[in-house]
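So, here come the structures, one by one.
In what follows, chain A forms one complex with chain B and a second complex with chain C.
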Partner chain A sequence: MSSVTSPPRGAAPATTVRKRGLRRDGFWPWLFVAPLVGGVAVFFLWPIVQTAWFSLTEFGVFGGTTFTGLDNYKTLFQNGDLYKSIGNTLIYTVITLFNVPIAVVVASLLNTPGLRGAAVYRVLYFLPYVAMPTAVAMVWRIIFNGDFGVLNYVLGWFGIDGPYWISTPGAAIVAVSIVGLWSLIGFSVIVLGAGLKQIPPDLYEAAELDGASRLRQFRSITVPLLTPSIAFLSIVSVIQGFQMFDLLYAVLGTTNMNPTVFDSMSIVYLFYQAGFVTNEKGMAAAIAMVVLVLVALATVVQFRLQKKWVHLD
Partner chain B sequence: MTELTTTPARTPKRRRPAGPRRNNVWIHLVLSIGAVVMMFPFVWQILMSLSTNAEVQSVTPHLWPAKIQWGNYAEVFRQLPFLDQLRTSVVITVIRVLGQIAFCTLAGYAFARMHFRGKNLVLGAVLSILMVPSQVYLLPQYQIIKDLGLLGTMTGLLLPGLFSAFGTFLMRTAFLALPSELEEAARLDGANPFQVFWHVMLPLIRPSISVLAITSTLWSWNELLWPLVVTTNSDDMPLSAGLATLINDRTVNYPIVLAASLLATAPVLILFIVLQRRVIDGLATSGMK
Partner chain C sequence: MTTQLSRRNILAGALGLGVMITTAACGGDSDSGSDTAGAGYTEPSADLKAKLTYGVWDQTQVDAIQKNIDAFNQKYPGIEVAISVTPFAQYWTKLQTQASSDTLPDLFWMNGPNFQLYAGGKKIDPITGPVKAGAIDPANYPEALTSLYSLDGVQYGVPKDMDTIGVWINTEIFKKAKVDVPTADWTWDDFQTAATAISTALKSDGIYGGAGGMDGQTTYYNTIFEAGGSVVADGKSGYNTPQSQAGLQFWADLIASGGSPTIAQLTDTTADQWFTSGKLGMYWGGSWFRAALAGTDLEKSIQALPLPKGAQQATVIHGVANLVAANSQNKQAAHALQAYLVSQEAQQALGEAGSVIPAFTGTQAAFTKSMPDAGLQVFLDAVEYAKPLPVSANTAAWNAFETKLLPDAFSGSKPVADVTADLASQMDAALAKE
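And now, the complex of A and B:
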């Protein structure tokens, strides 16, 4: 603990100037932060450094590591798995991003003044978000089943011959994305609902007096004023999309049961596979570092884009 | 980015229009079609969990089981280590939630209201975790748990999750919003910093603590990757991982798997329905950073 809690030197100049005027707390602050900072340092901060190091090594079968430089990265970038998994992750992310526009419509309908049962609707839309992903995956597997799934049965009414969703490359990742989309809508509805409450009602009243239709009000008041929430939700959706693992694992099963998983892996699944199934921990660490860079890039890009369309007052 | 307000403001009652009530039929129509789609998997899960294996797999779907098979639910307890997994889920969730509340409120208070050297640097280091995807620290976490000989134990399952950067952020924001007068008064009365924290400040951020409790319960109950990594024996797994491994087990019939997953997710669904308002306010505010 002591090494963690000793005051870092770098921050000294800024604080010494102000210190005199402020209340002194002595050792108390350190007692307060020690448990958390100790835990975070041991289980999160130091591991980040370690992963960066692991990515440059190979793990021996009997323990011990050998430094291999950038070999893991070379193999990773030459091997098609990485690009395939990035592609799948992008497909998933793009499909699940549709939760935001759907939620905008639902949230603004729910915000209709005097609408009865709004609270009930809100709960119903929200339940999929709360439900355990592995638990809902079970029923989705049955809905998507190629032989007896109700989805293909219903598609049959329209003359569509549905694929074997779970075991067809390409279809499998779409199936997983649909489950992801379904589970995210509720959360977005809640966040947008909070955003809607901050829009002053007189704006709508004024628009009403000017004879603006409800659709026009939606387009010219609701959507522009919701852009901060929309931006936040898009960022969250993208970050969660890049982190996708649970649903893929639970809907499709493992590689030895369902070979389609090889074609449908997300980046995190690739990491899991390398780190804990085929036991190439150095490679897994390299994948983790690639994810770190991708998430950082995606966040920066989103923040940049956001400046162009988000309404800030 | 709008301000993060951690104390959920009591939402003003939606005003009902004084004039004639508008015709909301089409709105109800759209919303209820949506609700049916959203609820369909749950309804299907309930129906199929009460059917026979043959009915689940029949090519023309059976909407309603010929005979309600309550026995499937008994089979869950007979065929699967459901009770062991339930106990693991409950224990690790309770301990992680309590741990996060304890550590995050303490640290959040110090970061918000106390002055010490290097505070910003330490805070910055803790919050930087929020930007880092979990895979980046997962392998070393696994190595630590393995080196400690804790693989397959509850301690191993719950240990890293006791500490939360997000929770610290949430608690710090809550404490920042409180006025300093109360604190000063208590100090003048000779209370030590811990007493001020415990008796004066902590009770004031109760709403934010419940937000943390709700979000960490949800996360802990549903989390899959970590338990999958640190446990191999299904008796040692929490429900999330235990169910996930069932998919690969063809010896268990569909209705029983469905019944088990319904039972596994029911606690959080019920918790949510009971605490609906709290959860919605909480998530809405935690989402508004």
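And now, the complex of A and C:
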């Protein structure tokens, strides 16, 4: 919006120019942004306001609200489930964040000059990202099966007696995180691959002339120049991590069938449980507000930190 | 000047749009349920014209239902019925949204655990009228089952199908383990002995004799009833009583003796999967399990038995009902269809189509004939001593506590009595909120 109406930097008396600019352009700029602003207002801002209101009420199963003040928040913060779910969400987020360093290595290997079949590898890495998440989860369920799963079978070759991955508290969230990590790598490799193409080849040539090893080139050229992409990917990964629900739901199953779900709930799963299973919609709204605040905080912190380490030219 | 005007117009327009959205959003709050409806039902004349939607969740039953509707249309050619199928996983979320905005299908499927929520919320039109007019007679259906669909003395529907729980036996495994196949008058002890004997004899094959699980309907609700206990009674939890504890102890003992896989094993691979893969000798399962067995290699070695007897004989009965929405614009037509679908003629046809057991007493013969050597009659005989699936207004709330707490009792990591005390107090708190 500002790019349409704000005058070039340094132009004399900014305020008058802006006013005149607005008047001159009339309603046209507003018309052009209306679809976007309208969409955001109707589908994002208004629901946030409503959710904030609902979080202060007891919400009837079929609508109808009773104002209860901060009761929902009081119950929520006294309830151990919230902290457990935040803990699980953090475990998941931290483990899945490892997709970024792994993807940096994979992407630069794929970028090796003269690598045969690079396109094939790229497709292979990207496949998990385009595969249907539910189908992926179903396959992993079978892989993780304690008695008949491939994973424990393979571990058995090395004399390791694998746990019941999806039905042991503690192991389940790690199992789900591994699936999350695996499915994110492909996307990150593609983004980083594009970032690598931006690095001028003469930098590597110069480094080679100066006698820098491949490893040194990777450390001193590739990684610093990839930091914008890395920063983007970490922010996206963290947001996705905080919003994780579908994978947990699909891999572990519902609370009716798998008792481990209670120990492995992410914060969004806690929201789902309150809103759609046990019919406490006011409570669910309160949880949603907590998620909103947490995601906002995490994103602000990341943007701040980013200035310290991201290389922008 | 002109541009200013246009801007104002746009703003006014935007404001108008906002108002429209707000009013639309508030529309759901208005109370449009009418209490007197359903009382004055008369059978519609044959030329009644109406369009009905019929909400169901099971695609496999649609062909049979369509046949029912075709027969209905011979009598009422003017009533158009559109079947709307929503998979079970999304059915309840969708139904709740529809109920909130008073856009429920005219006629829709309901199950026991969700019924009181909708009846209490005045979203369902009772069958008082059709019963008075003689279109529906609740006495034609198992009493334990019709009681599921009544609230505060008002009957809202009758079941269209039914299921009870029995024990499915793989005789091949008994032969292999050299254990005698039990008879219909067996007891809890007989079951435990057979389960342990099979698990011990066939350990090297990874085969178990029996299996518990986290599904109350097919496992621990039955043993609680057989021990003389209750799950929920008079708005209170029935868990913290010696009888209910005995019903839970049954499963803890079975797992402790090695007669059943552990709860973790049963979570990864559910009991029905153990059974269909030939790794389980005795499976506590519903009559609906027939569909998973018919036509498989297992079929010829299958035998059904009633549940082993505890302090008394019992089984859990459940069935789906067709209910008319309180907001329906065509209540008369909807009730006519509702009544037809549970009539003897329609139920007979439903049974012959084979996917479910019809609820109308005397129309179930087709079910037993579908696997003539398996003794499926036990599922029908069980109606006599069956108890309804335990439900309350917000069943899902305490169902969650069951799955959360009971595994500790089954695994033996906590004494059953400790777990039931905890479960009962949490459940009572949830029930008090209803």
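One rule holds for everything that comes next: the second predicted complex is superposed on the first by the 267 of 313 C-alpha atoms of A that agree within 3 Å, B and C clash if a C-alpha of one lies under 4 Å from a C-alpha of the other, contacts with A are read in each partner's own complex, and residues count from 1 in each chain.
Just so it is clear, a contact is a pair of C-beta atoms (placed from the backbone, for glycine too) under 8 Å apart; a residue touches a chain by one contact, two chains touch by 3 or more.
These numbers come from a predicted model, not from an experiment.
When both complexes are overlaid on chain A, the residue A:F148 reaches chain B and chain C alike. Of the two partner chains, neither chain B nor chain C is touched by A:F67.
More residues of chain A are in touch with B than with the other of chain B and chain C. When both complexes are overlaid on chain A, the residue A:W309 reaches neither chain B nor chain C.
Applying the stated contact rule after C-alpha superposition, one finds that A:P128 touches chain B and leaves chain C untouched.
In the superposed model, A:M257 lies in contact with both chain B and chain C. Looking at the shared chain after the overlay, A:I166 reaches chain C, while chain B stays out of its contact range. Of the two partner chains placed by the overlay, only chain C lies in contact with A:V277; chain B stays clear of it. Within the superposed three-chain model, A:V268 lies in touch with chain B and out of touch with chain C [touch as defined at top].
By the touch criterion defined above, A:F77 reaches neither chain B nor chain C. Residues common to the contacts of chain A with chain B and with chain C across the two structures: 23, 30-31, 42, 46, 147-148, 253, 256-257, 276. Of all the residues in chain C, the ones that touch chain A in their complex are 3, 6-7, 10, 14, 17, 21, 28-29, 93, 96, 99-100, 117, 121, 123, 206, 214-215, 261, 263-265, 267-270, 394, 396-397, 399-400, 403-404, 406-407, 430. Those residues of chain A whose C-beta lies close enough to touch chain C in the complex are 23, 26-27, 30-31, 38, 42, 46, 60-64, 144-149, 164, 166-168, 253, 255-260, 262, 273, 276-280. Residues of chain A that touch chain B in their complex: 7-8, 10-12, 14-16, 19, 22-25, 28-33, 35-37, 39-48, 50-51, 54, 106, 109-110, 112-119, 121-128, 130-143, 147-148, 150, 153, 182, 185-187, 190-191, 193-195, 197-198, 201, 228-229, 232-233, 236, 239, 242-243, 245-246, 249-250, 253-254, 256-257, 268, 271-272, 275-276, 281, 284-285, 287-289, 291-292, 295-296, 299.
Contact residues on chain B toward chain A in their complex (touch as defined above): 1-2, 11-12, 14-17, 21-22, 24, 27-28, 30-32, 34-35, 38-39, 41-42, 44-45, 48, 56-61, 102-104, 106-107, 109-111, 114-122, 125-126, 128-129, 131-144, 159-160, 162-163, 165, 168, 192-194, 197, 218, 221-222, 224-225, 228-229, 239-241, 243-244, 246-248, 254, 257-258, 261-262, 264-265, 268-269, 272-273, 276, 279-280, 283-285, 287-289.
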